[in-house]
Structures are given as structure tokens and as C-alpha cells.
Amino acid sequence: MPVIALAEAIARHVQDGASIALEGFTHLIPFAAGHEIIRQRRRGLHLIRMTPDLIHDQMIGAGCATSLTFSWGGNPGVGSLYRLRDAIEKGWPQPLAVTERTHAQMAVAYQAGASGLPFGLLRHYAPTDLDRAAAAPAAELRCPFTGANLLAIPALNPDVTIIHAQAVDAGGNVLIRGITGAAREAALAARTLLVTVEAQVERFGADLNAVVLPAWMITAVSVVAGGAHPSYAAGCYERDNRFYVAWDDIARERATFTRWLDEHIHGSRDHAQLLQRLGVAA
Amino acid sequence: MSAPYTADEMMTVTAARQLRDGAVCFVGIGLPSAACNLARRTHAPDLVLIYESGTVGTKPRVLPLSIGDGELADTATAVVPLPEVFAHYLQRGRVDFGFLGAAQIDRFGNLNSTVIGSYTAPRVRLPGSGGAPEIATHARETLIIMKQSPRSFVARLDFMTSVGYLGGSGERRRSGFPGGGPRAVITDFGILRPHPETEELELTALYPGVTAEAACEATGWPLKRAARIETLPPPQASDLEVLRKLQADTERAHSSTLTIRITPQT
Amino acid sequence: MPVIALAEAIARHVQDGASIALEGFTHLIPFAAGHEIIRQRRRGLHLIRMTPDLIHDQMIGAGCATSLTFSWGGNPGVGSLYRLRDAIEKGWPQPLAVTERTHAQMAVAYQAGASGLPFGLLRHYAPTDLDRAAAAPAAELRCPFTGANLLAIPALNPDVTIIHAQAVDAGGNVLIRGITGAAREAALAARTLLVTVEAQVERFGADLNAVVLPAWMITAVSVVAGGAHPSYAAGCYERDNRFYVAWDDIARERATFTRWLDEHIHGSRDHAQLLQRLGVAA
Amino acid sequence: MSAPYTADEMMTVTAARQLRDGAVCFVGIGLPSAACNLARRTHAPDLVLIYESGTVGTKPRVLPLSIGDGELADTATAVVPLPEVFAHYLQRGRVDFGFLGAAQIDRFGNLNSTVIGSYTAPRVRLPGSGGAPEIATHARETLIIMKQSPRSFVARLDFMTSVGYLGGSGERRRSGFPGGGPRAVITDFGILRPHPETEELELTALYPGVTAEAACEATGWPLKRAARIETLPPPQASDLEVLRKLQADTERAHSSTLTIRITPQT
């Protein structure tokens, strides 16, 4: 597991047309990696995420994606993702094919992918319109022991999963502290696993039961301080709630969005420069 | 003359009052979170709060702005992977109360949080289901908080994301759903509850100074009224004091300037 | 969740004929609780455990159990469980009906039980004699998406699960540190959950991602220092490897076993007295 | 004249030599554990050891006496719940080598660790399968360590607990098993490996001073011999030094007197 620059990791391991999960649940969202995907102008991606948020709004608005598998797509506590909506409602900058799940369905799909199983299971009762509308298959199963009705959701095994974490140690292992969401399951399910971290340390000195991903299952690690901004990294920095609010105005119109993208993403060499431009770097 | 409390405060206090002490509550962000944390600070100190981010038994000192704020993790009994919240807690039947909101609700408490218009060519694409379908399925009781208007309280949902009582008269129960369904819909007019037999939502309580006529006009179907409509007590001064302090503390906590120490990228 | 004496917890919550999982994987085996079950002369129990070891040898030899669900029954690193073997091979002190699984099958059965699912899933290929011999049902399923063959194992939801852990805090929550095996899954799957702990503390001061069971899902907690002896409790004391070796001689013959049981278990008021008698209490 | 090394040492060193550096190895207690830790201290410093107790990437300073010793947890990269070891590592296909022993093996490397005699009325009830069936199923390659005797190397298993090559000649592969099956059976005589086509185990290597005849006599079926039988090199002095130091350290570490502080029960 080499520690390499983020630009190199994306260039080498994220191909046009790949299915790619950037996970993180409010916490540890791999923004820097998403920005680098935009900078390198990847196209035709199948984005996978339980809660696509600003970074997905940006990637979709930038034209990186042609499909999306998700369970909740909004700006948490603020409102809509206007670029996501524009893609679905008006096909701008291109149509976005949607595979819609519930949180629990995404969770068992990642778990199945992480466990080498072809599908995950949930208890199932009467179908909703969500079951009827789903573009991707799901199947009802009957329990051979109890007769109970179940829903099978095909496993998710992304070509690439990217997550952000607090630290990598000298052995190349990665430590995640705090809310993990489904990031660990998405990491374990991936064919290629890229990780960005806040810092490189000699040893974690972590608890016996700490959440650690072994070096040998990671394809590459990149050290990107502030790499989860505007989300947060527990123990490192807080969530930039103001940016989430400000995004509402930036993303509402195509023109303001495009200008922001050009100035901030394409106009920044890397994440450090972006954070300086945003005035949050110290 | 301005009221001594806002409509949001009335809703929040009313919602908080639905929660009994010691119950296990699956909390959404916004009004549900405010209501739960108000309840925890007033009549229900042992209310167990679970947020879908995996923070179990959390006791936030200020209101979280997102479902996964650091404050929720720092004050939790346990932080578990998200899949476990849905499997070990919700599907395992350990959740007493689930709190839901939606863009549309129908007379049987079924909810739409997916699209306005058609699914394939939506007029408005909403954020989507999130955890709502499973909360609506498994929580022993669900509480719904929504502002009432003919556009949101509709005769026919554009899309059924989460089940309430389906077509009513026991259809939900007959379909085998383990949770009991919506027990109360708390609106900015009062409370709607399911009729014991038909399970159609009916107006059972109103805030002080609000008329049943106004509530019915704000509903997109002919809203039935319960035989006896209760007038809900206004927020107590102590409720308002606790709620406002919580909100002031929240604002203060979230107003500090963010700085991130960046070191050169390797 | 009340903190009560172990004798009271067993008296109140472990009924004759119950299915009862004492979990723990080499680490944190609830020996004290098992001894109390013997002292209170419970009968007709269905014992469930991945790795029934000395405590199960003792309970079976003492006549507490009429059935056993398990995946590996031995004295780790030493050899046989002679009381378990005597029950299966010769029906002494009474016949023992066996439901035999693999580790992975037990694991998914507990996971299913913990998750409110009626069965757990494993990939499956050609059947072994274990599949053919299994007294309890398992069923082959075909994946509706890939056609892959799977094996469904019915969920385990013990009437009672008993586990041992390091500490209970003032709020009644329980902290487990180190190897958890399938103890947490067995705990989550249980109808009634009893926990013995080394100590009661005001606060854990534990890591964000520590393994903690919330008070409200626990039926009762009992403070029993040394409650995992002769297994170990990380951070508290080591494994008593000598006892595991000594057990081989004690358990080989019915007479020596019965004498040991009378002297040590029935002859001790509680676990503290037993540890003093064994010369390990300080 | 006593040999400068024991039969166990020869087996352990030979087993260690089968492991390539950087491989991920699912380790059982006893000889496999000694072999893996010897390999890690000699030619394979980056060997990744996983014990079924959930200790991943562990680097024990002394040999564990049980599969879940504290030493394994204290020196692990990660301690995960046991179900995850089988799901996320083994079934997910992340394990290169699995180490197995058994009470009986047949000519196709199928294993019995369940009963001697009939299942319902066993002559000897063995401990049972543990994780062996899934290791045998999923590990890319399995290594088997067993002392050879006509009672353990049998023409017909009393019970098939874990699969080797089933009936051979590709039956395992045709049945869809993801792992490759037994690559080597390390005995106290030498090594048996599957024939490339029939997959029947044949004698391919012998320890110095051991005859093929002796190995065949210790086998309960007519053991085939490979066209060329290699003579395995004896342990190097450095191997023996490392192994003996490891065992001495182990003995010392486990010989301290146990005391448990007990406080009055509440």
C-alpha cells in the first residue's frame, strides 16, 4: 500500500465509466478526492453513495456522472441539491440514471458486498412505490423455515471506493475514529480502495477495538489535511456549517455553480490551495 | 399583538409531550431532534435517542445541525456502524418511537418524500427515502411532524415512499408490518390521529386559538373531526425557557470560526 | 437495568428448559455464571455456544443440559472435553442432543438473530457430511440475481444470553474490550440478556468507537470480579492456562469430575470463594 | 545418536517454508501457529496472520496457547468481531493460505474432524468442525499439517467435515468452490501434493533419512509416489535458533503465577 499524492491516486485508479463509492456519513466525507475527480474531468461515472451531498452535487454538475445509486440526496439541514435535481429533472449537464434505495437497503447491499455474498436481506411486507419504481432489481424471497417474506438487494461492490480517515500509520494501516456510517462496509466491498487521511503518524496508540483498515486491503493512501472539508474529521476540525448554507446559493443556478467550479476547483491546484481560497486554512 | 410563542415552538413542545420517559426514539434532524431533546430536558430525562448516523443513546448538549454531528458521537453511549442501526435496533424491534416528516401525507398517514409529479419525469425531485421506509415499518409507533397545507396533506400521494396505514381498516396489520403505524401527526394546527377502526386520520386536537375549520381548509381531503376535539395546552413557561436556551446554546456553539491546519501534501 | 447479585440474576432469569447462550471466545467466558447455573441445579437446558469449553463440560457433566448447539467443542490447546464426549458417546449423565454447525454458520445465525432476520446466509457449494448429518434444518437457496448457491441457517435467538465484560458504568451500560468473538451478536440476539462484569465504574472514559452495550437492552448486570476465570479479561487478568491443562485430568473420569464439582462448585458459596479455593484470588 | 532437530521442528520449518512473504494467512493453533510465526521471523516478515478470534494482522511476541490469547489482540492491526473474520476476510476471498489439521484425511485431501465411528453413535466424538469447512472452501490454497499413520491417513473417511478435492479430477472446481484446495500436506515423513490431473495426493518430498516405503506404510491407502521425490533440506541452524527462542520465550511468558484481585460481590 503506497502513500502517494491524491492527484496520482485518482489518475491511476479512477477510470472513466467506473462505479465509484465516496462514502462517509456527514462525517469524513472525501471532498478532496471528489474535487480531484472533477479536476481530472472523469466522465461516465456511476456514483454510489447512501447520502450524496455537496461533493456529489459538484461531481454531477461538473458532468462526471451518468448514473447514481443512492438513498437520500439533499443538503443536510439546508434543503435541495440543485445540481442533482437539475440533472434528474432537466438532464443538465447530462441525464442521470437513478437507482434508488432506502438507507437500510444500501446498508445491506454494502454489507453483502463486504461479505462476499451476492445479496443482502431485509424483512419485507407490502411493497411501496419505491419498490415498484426501482430501476435496479430487487427480489422477494420466502423464508424456508418461517415463511416470512424478505427482500433481497443485490450486493454493491464498487469498482473503486474512496473514504477519508484520520490517519495512516508507518505500516500503511488506516484509522477511522467516530461516526463511520457505511464507509467501512463500502471500503470492504470495493475492488479498489483509495483512502485520504488527515495525517501520517508513526503509531496510532489506539484502543484495542479501534476501527482500523489493514494496509494490505488498501490500494493507495494520500495524505490530505482538511480533506473532508466542509464536512468534518473528529478530533481534527469541525463541520463547516456555513459552507453548507452558502452552497444553497452557489448551486441554485447553473451560471453561479459553473463559475464557482471554475474558480474554486479548476482554479485550485490542490485541496490545500482550495482551503486557503475559502479562508479556512490556518 | 404577537403571540408569546411561535408556531414552531408550539409544534415542538406538542411533539415533545408525545414521548414517554425511557422510550427508545429514532430521531430525525430538525423539529424531531428539537422535540426529543426538549423532552429529554423536561419530562423524559431517560429518553434514549438514536440517530441514524449510528449514535446510540446520545445526549447532545446543543442541537445537532446534521444527523452525524460530532456532538452526537461525543455524547453517545455507543457509536455503531450505520448498518447496525437499521439491523440491530430498528429491524430487531428495539425502537419505540420513530419520527418522520415528508413532503406529502395522505389520509391514512402514508408518506411521500421522493418526487412531486411522476417518478420518471419529476416536477420536483425530493431528497428521497433515507431511512423513512424502515422507520415507518418497524418503529412501534411513528410520530409525524408536518406543516399542514392542501399541497402537503393530499387526497392522493404522487408517490408512496413510506407506509402509514395503507388503505386503512387493518390493511397495514394484515400485511404483517411489525410496527404499529402513525400514532399522531403533529401539525401547525394541532394533532391528527387515526380512527380506531378505519385508521383514517382525524382531527383530535387543536392549538389554542386555532379553529377546526382552518385545519380542514389546510387539508387536501375532507378532514374528519373526532367526536371530541381537545384544545392543547400552550407551552409552559418552563418548556419555552428550556427550548430557547437550547436553541441559543446551539447557535452559540455553531458560530465559532472554522480553521483547519493544513500541512504540505505528500 | 438493575445491578443485582449473580445468584439472584440466575434464579430470576434462567428457567429449566430454556435455550441459553454463554458466549465468549477464549476471552471473557462467563464461567462464574455457568457455575451458578450448576449450583442452582438447572435442568433441561439447551446450551448454545460456538466453542463450548470447560464451563460447558462442567454444565453438561453436572446434568444441566439436554441439548447443545455448537461448532467446536474441545479444550483449546489441550484436547477433549471428556464430559461432553461422555454425554454424546455414552449418554452420561443423560443423553445430549446435538445440533452441529460450523463457526461461520453459528456466526451468521447469531447475526441474523441480532438483526431481526429469520436466517443468515453463507455461500454454499457441494454438501459435506456435516450438511447431511445436521440435526437442525438448513436450506439451500438460489440467488435470484446471479444463480449462485447459498445456504440459509436459521437465526439463533437464545431465550437467555449471558456474557462477561470488563465494566458497567453508573448508567448501567456495559463495556467490552478486546476480543469479542460472537458475544456481542449473541447478546443482541437474546430475549433476555444477563451480563457479569469485573467492576462497576462511574464512567468508562472509553474510546468513541468502544464496544458498549446500552443499559436498556440488558436485563441484569452482576459484578463478579474474576468472573471469567480460568479464561481471561483483557486489562484485568490473564488466562489460567494451567487450569485448562489440569482440567484434562479432572474431567477424564466421572468420579474425579463429580468430586471436583461437589468440592469446588457446590462447595463454594460464590465465585470469590471458588477463586480463593483455587488459590488464584489475591 | 539423537538427531539435531526433532520431528516437530522439521514439520514446523517445512510448513513455514510453504508461506510466501506478504501472503494473508488464516492460522490455527499449535503447529500452524508455530510455523506462521517462524516464517514471519525468518523469510516472510510481512506475512499477515489472521486468527479466527478476530485478531487481524497480529504479530505475537510469543506463541499463543489459545486462538484468542490477549497477546494476539494486543499486537493486532485490528480486532474485529468473529463473524467479520469469516465474512469480510474468508468468504470475501481475502485469504491466501488456510492451515488445517484433522483426525482423518483421505487420498483427495478431504478431512474429518467430527467423529470416529458413526455420527449418531460415535466411537470417538472429536471437537468438530470449527472454522475448517469454510477455510477449506475459501482460502486460495490450504496447507494441511498432520502426522502420518494408517489410522489418520485413511482409505475412507468416517465423516467428511471439510472438502479437499472431493473425488478428484476437477470435481472440486466443477462444484464451484472458490478456493484452490489443499496444495500441500506436511507430515512427519515429508510432503504430499495433489497430482495435477487426478488430484490424488502423492508423495513428492521426504525429510532427510526418511524412506518412501516408510511413508507408504504409514498411509491407509496405496500412496502413489511422484516421478521425482525431492529430499527436503533439514532446518537451518538459524531456523532452529529462532524457533527454539520463540518456544522458550513462550514458555517463560506463560509460566508466571496468576492472581486475580477480587472485591466483594455486590
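Lettered A, B, C and D in written order, each chain numbered from 1.
The criterion applied here is as follows: a contact is a pair of C-beta atoms (placed from the backbone, for glycine too) under 8 Å apart; a residue touches a chain by one contact, two chains touch by 3 or more.
Values in this document were obtained by computation on a predicted structure and should not be read as measured data.
Asker: Touching chain B and chain D alike: which chains?
Answerer: Both-contact set = A, C.
Asker: Please work out which of C-D and A-D is bridged by more C-beta pairs in contact, and write that pair.
Answerer: Of C-D and A-D, more C-beta pairs in contact link C-D.
Asker: For chain A and chain B, let me know how many angstrom lie between their CA-based centres, rounded off.
Answerer: Each chain reduced to its C-alpha mean, chain A and chain B end up 27 Å apart.
Asker: Give, as an integer number of Å, the spacing between the C-alpha centres of chain C and chain A.
Answerer: Centres of chain A and chain C (C-alpha means) sit 39 Å apart.
Asker: Quick check on chain D: which residues sit in contact with 2+ other chains?
Answerer: Correct list: 73-74, 79, 87, 91.
Asker: Which chain C residues touch at least two other chains?
Answerer: 116-117, 122-123, 178, 180, 208-211, 234 - these are the residues of chain C that touch more than one other chain.
Asker: Answer with line, ring, star, complete or other to describe the graph linking chains that touch.
Answerer: It is other, because the touches fit no line, ring, star or complete pattern.
Asker: Chain pairs in touch?
Answerer: A-B, A-C, A-D, B-C, C-D
Asker: Can you list the residues on chain C that touch chain B in the complex?
Answerer: It is residues 114-117, 171, 173, 188, 208-217 of chain C that touch chain B.
Asker: Using the touch definition from the top, list the residues of chain A that touch chain C in their complex.
Answerer: 116-119, 121-123, 137, 139, 141, 143-146, 148, 150, 152, 154, 176-178, 180, 206-211, 234
Asker: Using the touch definition up top, name the residues of chain D that touch chain A in the complex.
Answerer: 22, 24, 48, 56-57, 73-74, 77-79, 87-88, 91-94, 138
Asker: Which chain A residues qualify as touching chain B in the complex?
Answerer: Touching chain B from chain A are residues 3, 5-6, 25-27, 50-51, 70-74, 76-77, 80-81, 84-85, 88-89, 100-104, 107-108, 110-111, 122-123, 125-126, 128-130, 133, 149, 178-182, 184-185, 199-200, 222-226, 229, 232, 234, 236-242, 244, 270-272, 275-276, 280-282.
Asker: Per the contact definition, I'd like the list of chain B residues that touch chain A in the complex.
Answerer: Its residues touching chain A are 29-30, 52-55, 65-70, 72-74, 79, 81-83, 86-87, 90-91, 114, 119, 121-134, 137, 157, 159-163, 166, 171-172, 175-178, 254, 256, 258-266.
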